[in-house]
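Next come two complexes, and both contain chain A; in the first it sits with chain B, in the second with chain C.
Up next, the complex of A and B:
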């Protein structure tokens, strides 16, 4: 596991940033979004006549302008913006923010088709200044654009309000200069789920930190144990802005910091650094690499001939377990249940199928079917909380519950494979206490670009026209994107402009908490335990 | 847009249009192939198509003999059901039409004996032969025996008119003049049955509104409601409540099979070409009424269930034991609700209520297109692994707390009673 991660770390930040399929992030698209809006209400007035009471009426009331005047003003604004965009482009054409900004401009122009969009813009004018959560850093910069941005409705789901922090970082721009390139790259990889999974992220972080430590020199006037910790915390802060740290990452960082602070300041720097590298290597080996082997070995013993193993999403340790059991010559069937939007089970299915296992694949809506002939359920973990609950990919709880509550059948044992490095002293009663919110745009289905045959129909041409008009400079800089954009306009998902639809929220949580009573056994490198033993093991392993 | 799309894809609208012009046998064959190809697939569309077809069949049947009408409807019904046994509404509609004919025949025979009842007896759309209830209570477990005896009882019923104790008229009051009226009465059977079918069709059109009328009893201010897939019945229900109250809706998207419709429902951008949404597509989405709608993937249901006050589900068909067949993923949602002690409410028109007792649950489940699970880009995987995409789930009765039909709210344990109200015992397996 460590190897692919290591090689990917060698990518330079620019390399990894460019090919990443980034959806334009919320703060970036808002300014351009807002700027595009003044042109909308007049355009849509005839269409909106039936429910106009809140729409154009309020806009006119607020600004006392006739539609014609509004239109004129919008035109002027648009021209100004275009000029500005052009200037920006010429200045920093290679800036990482460039492509995504234009992409979002495109998106907003297409958004004009949605009936609700214009209305939102108009009614939103009244509540400007109330909602001002996102992107406050850019607020002062662009006069009218910033004003429009405030109108954006708060799209965070109220129950999970405490979990919405800063939106995830989208580029390396603005990262502190002390952040090491390896960490920069890793941050983006984690953000885009290239490095995904609790143990993979832990290993990758440790390896990146190893390189940080290798290239570190203690500044004059401080000692390594004192300064290296603060230097590392810059890296850690950067990583956590890319994606919130996993429990395993937190535990590993804690152990590393403890090790750093225990170094005697009188030890020469080179020795201290090699001690730390050795510590990292042995941490990875003991807590993850070997631990995985031990877990796979002992969990594979639980598999018998003729078993039907159900597993959920993609867990590296479960995969290893199944492969180990298969190598031992056991004959069993695997049923993988997967879920949107990450589809982690797909790569697992591919690996297992290539190895020769008998694999069945279905999505989470088919849980009750898949569980019907199951004999055992193997689950991976993101963490185990101190009250014995399993904190894992969202949907795991459904699988565990189905296994336990099977109608009229024997209940199926649920076995969790989890390294002790994933144990935490946090407690959680339900999935709302601890969780991670991912970008809701991941839920919007981007249809693969369709093949365009013949002449596009008039409707598509009509929508395409303002598109090209608006982003005149785009055509020169990017020739390829308009086509898929056009295709996605034709068969676009109804959610394409969900952000303009008032009162509609998308929720994309990453984890859920499985009650302890659904878990029969936790297989760790320290043995197989009931979930109630988690806090004891955690205390033992941290006090060592 | 609708005219072109109708021409391209045969569906309910084009079928109903063709029904007027095509000869009857072609129409039957058309519907059979539409059902087989799943080009008509939603419960309501199937029910509507069946009802209109039977209307045509009856009106084309130039006979006044109830026995012959029944025979004809049975033979058509058998073919339709065989074409798509999992669309249980087809069978339901056929059974109700059969029930209509039988009721008319009985009324007619009764009129022979009872002059005073002759003209005034207009058939209620739902046959309520009170005596049947107690009977079916005891015999409902003996479905096979009933089915065996059905043809015999049917013929004996007509050839030897024996008085029905449940009916008000008694043979004692038979008068010679009744014979004279008999001629006009037999003529009326077909017209009455056609009227009855018209009422069934009306019911299909109104059922959502009738169900929605109960919405305010069940949805209260500031509640959090969870629902799954796009069901027009559920949507209508929520919209009705939204007119008066503010609440929050969490909408699980039912990913591979119906997510597009769900997304369209929550965002209000309805695709114009969906046949079933002919009138419903003009209704506002919930969000426009100020209701907060949170769209979640199916996997997040358990995580959110602890905050949900009520789960409202649509269904594909309801079975006589109180269980239901609904879109895949419903069962696990209902189960999660049970675990969290959250009430589960199922809204369904009575036409979806089927007199079938599920003995083999697997036979109720239809499997769908695997390419929705593994897209074409991952085609290499399909050779190596077994991809499953069930379309439906069987949800046992114990996971449902309440059914709301157009007749009101019922406990799942009460459904058998409604079944016996709506279907004649002889028709349960026709």
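Up next, the complex of A and C:
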């Protein structure tokens, strides 16, 4: 999510005709100048100094590494270089500006020029900014000390090392020509958490695929059941480079592919296509829409007058449950626990408060307070694993465990609302082996106090208030790129230059696993189950 | 069936499902609540002149809700009615002679005969359970049990034929002190105690307050249940929960003996989440009590139940085998889907 910052960093010098060619690493160094406001020529001088300073410093830091660490580092570098080459190839192939634009962006950030070039430059710079320190590839060509320093520290947290795959795609550049525009858009929306939440992503994917199927024509010499699956695979690959697929998406795609392959090749294309879109519609209806209603109805029965319901982050199904219970005239309080950096509970709190419920909102730091007068805990799910464990937004396990430990595990029931489409036959023993890592830069950003919705506050931007946030920048950078940069440059966050700080790693993990002992009941559209019954129901619902 | 009269009320009046149910329970002490409910429903079908499927289902639905409403604790009963309704629907949905296309009279005859078969099988299931459960009572061990469960009684009787063991029987505190001296029918379980003693099994009766004291001498706890709920916990006579907690605290195995027709499709989250109204806890000041003694007896009436959560239960001994609590939901799902 550092992109907007970086991109404007690159653009602003070129637009303001930056005087002196900057060292290649300058864009990334800039955040370190805490107070620097405008990226004007005079200000850039002081910037160089810290760069120079930090270079040797971290180089020195690198010196006392043990041989084993050196070896590890070399390995990481090699890996990073490969990833870089791969990404370059991908990026270069499709970018309008071609290699020259990328190169110019890298070499002196003044190259950009046109819109396309600028975009490319932005992505080039982003890549440099990624945790893999892919800059190392250029190091050979340019060789400055600053570049060398970059590869010295692997910024991925060791225990979760296996989870750092390719960094998330940042643009549509490089996407295959087979990828449908609807899917292109969806990919970016999912990446930016515009479409967020397991069910929402599943529905959005299916709807996008419906459009793909509608505009699909079978090429000559092949049949729809055979070719459409591979055609969809391109879309799926693209989506998964934007953000790893959720369990529900995986299940939905599997069902869709099965349906495609079961189509008789002799059926006319139009008929087959309408069959498929009917299938998608009924899948969404049965597995999500109606399922949600059933779940909300039966979970709402568990809410009684006088209850204090604790919930974590923003689950659409929990929201629906609470609203259903409220409409039934039940008198209860809701306590929403939320956390950085996504703040998914805010929109839930607002919706519930608007509907007239009694809502309390607190962050996860205050969980022990919020749980004190709780009588029930309702949780949403990203998935349920076959050993009955709940795989959900990071922090869920903490809330569930606090609720259970508080009263000896008897009095505060933890209820999970989950559609069966989120069940998986995988088994999770911990939250390390399977998880998803988001861009660590999301953690650096403080949300501006005035920003609840993600809608840019134009006033704040105009007065150049300290809106160091990513969320703010993301939106406002589209209208006036240079301004937000200035604000972001003032680095009010101590973590702003974490990438340059030796021995500092940031971990932005997305999910955690709640042991089955901490879950009392799973409400599904097929009834209420103990977590141990998840594999049985999963088997039944997939066999049907 | 006998005399189809033009007005519906006339038909239903002679057959009172609640009275039939109560009568059945009274006449046969071996009958459990779910079975009595099923039998009452079968009788209802024989008496009713309905000739279409939807009419039958409708009648069934109405009588079931009526029955449930008029019985103070319908948990055990609803296991039976739900099961019967489910069975009816699946039979009717099945294609073939007995399906929706078939002759309704044939369907009805089939239903009635099958209903009777079901009742007979249910009674036999106690022997099956005794066979499964025998292994849990070892030679020379001491069993702690409570309540007046007929399944537990038959299990202990069967085990007494081939093993030597001792029994600690928890009786309601009011009568437990003068154990055998009390008039037999009054105390739940006294009947079993006498039969066991007649069979040469040494039995000690203790009040509920002495459970923790006596549990150290017991090797295993075996209890009956009124209903087995979806998460594997049990709804059982008041006092079972505390025995479960004590057994867990002392590390003694806690077994539940129950027929599989007692599996109910409810999912209580705790003591106060049961679908029945119980007035166990009555807050009162001196002014609230006109004549003090009456309120006391309410809390100890034999109808009150509590919920024992699954984590306290070591295993459930049923006629479909010995199950862990988590396997109960699997069994229930098999029945329902």
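One rule holds for everything that comes next: the second predicted complex is superposed on the first by the 342 of 544 C-alpha atoms of A that agree within 3 Å, B and C clash if a C-alpha of one lies under 4 Å from a C-alpha of the other, contacts with A are read in each partner's own complex, and residues count from 1 in each chain.
What we mean here is this: a residue touches a chain if its C-beta (ideal position, glycine included) is under 8 Å from a C-beta of that chain, and two chains touch if they have at least 3 such contacts.
Just so it is clear, the model here is predicted, and its values are computed rather than measured.
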Chain C versus chain B on the shared chain A, clash or fit after superposition: fit
Touched partner set for A:364, first chain B, second chain C, both or neither: first
Partner chain in contact with A:277 - chain B first, chain C second, else both or neither: neither
First, second, both or neither for A:218, with chain B first and chain C second: neither
Which superposed partner A:537 touches (first chain B, second chain C, both, neither): second
When both partners are placed on the shared chain, which of chain B and chain C touches more of chain A: B
Partner chain(s) touched by A:495 [first = chain B, second = chain C, both, neither]: first
First, second, both or neither for A:506, with chain B first and chain C second: first
Touching partner for A:293 - first (chain B), second (chain C), both, neither: neither
Distance in angstrom between the closest Cα atoms of chain C and chain B, superposition on A: 18
Those residues of chain A which chain B touches in one complex and chain C touches in the other: none
In the complex with chain A, residue positions of chain B that touch it: 253-257, 259-260, 263-264, 266-271, 285-288, 290-304, 306-307, 327-329, 331-332, 335-336, 338-339, 365, 373-375, 377-378, 381, 384-390, 393, 396
Footprint of chain A on chain C - complex, ascending: 230-232, 265, 267, 269-270, 273, 309-311, 325-326, 329-330, 333, 336-337
Chain A residues within the chain C interface of the complex: 302, 376, 409-411, 413, 415, 517, 520-521, 526-530, 532-533, 536-537, 540
Contact footprint of chain B on chain A as seen in their complex: 51, 114-116, 157-159, 339-341, 346, 349-350, 353-354, 358-370, 393-395, 397-398, 401-402, 405, 407, 430-432, 435, 443, 445, 448, 493-495, 498, 501-509, 511-513
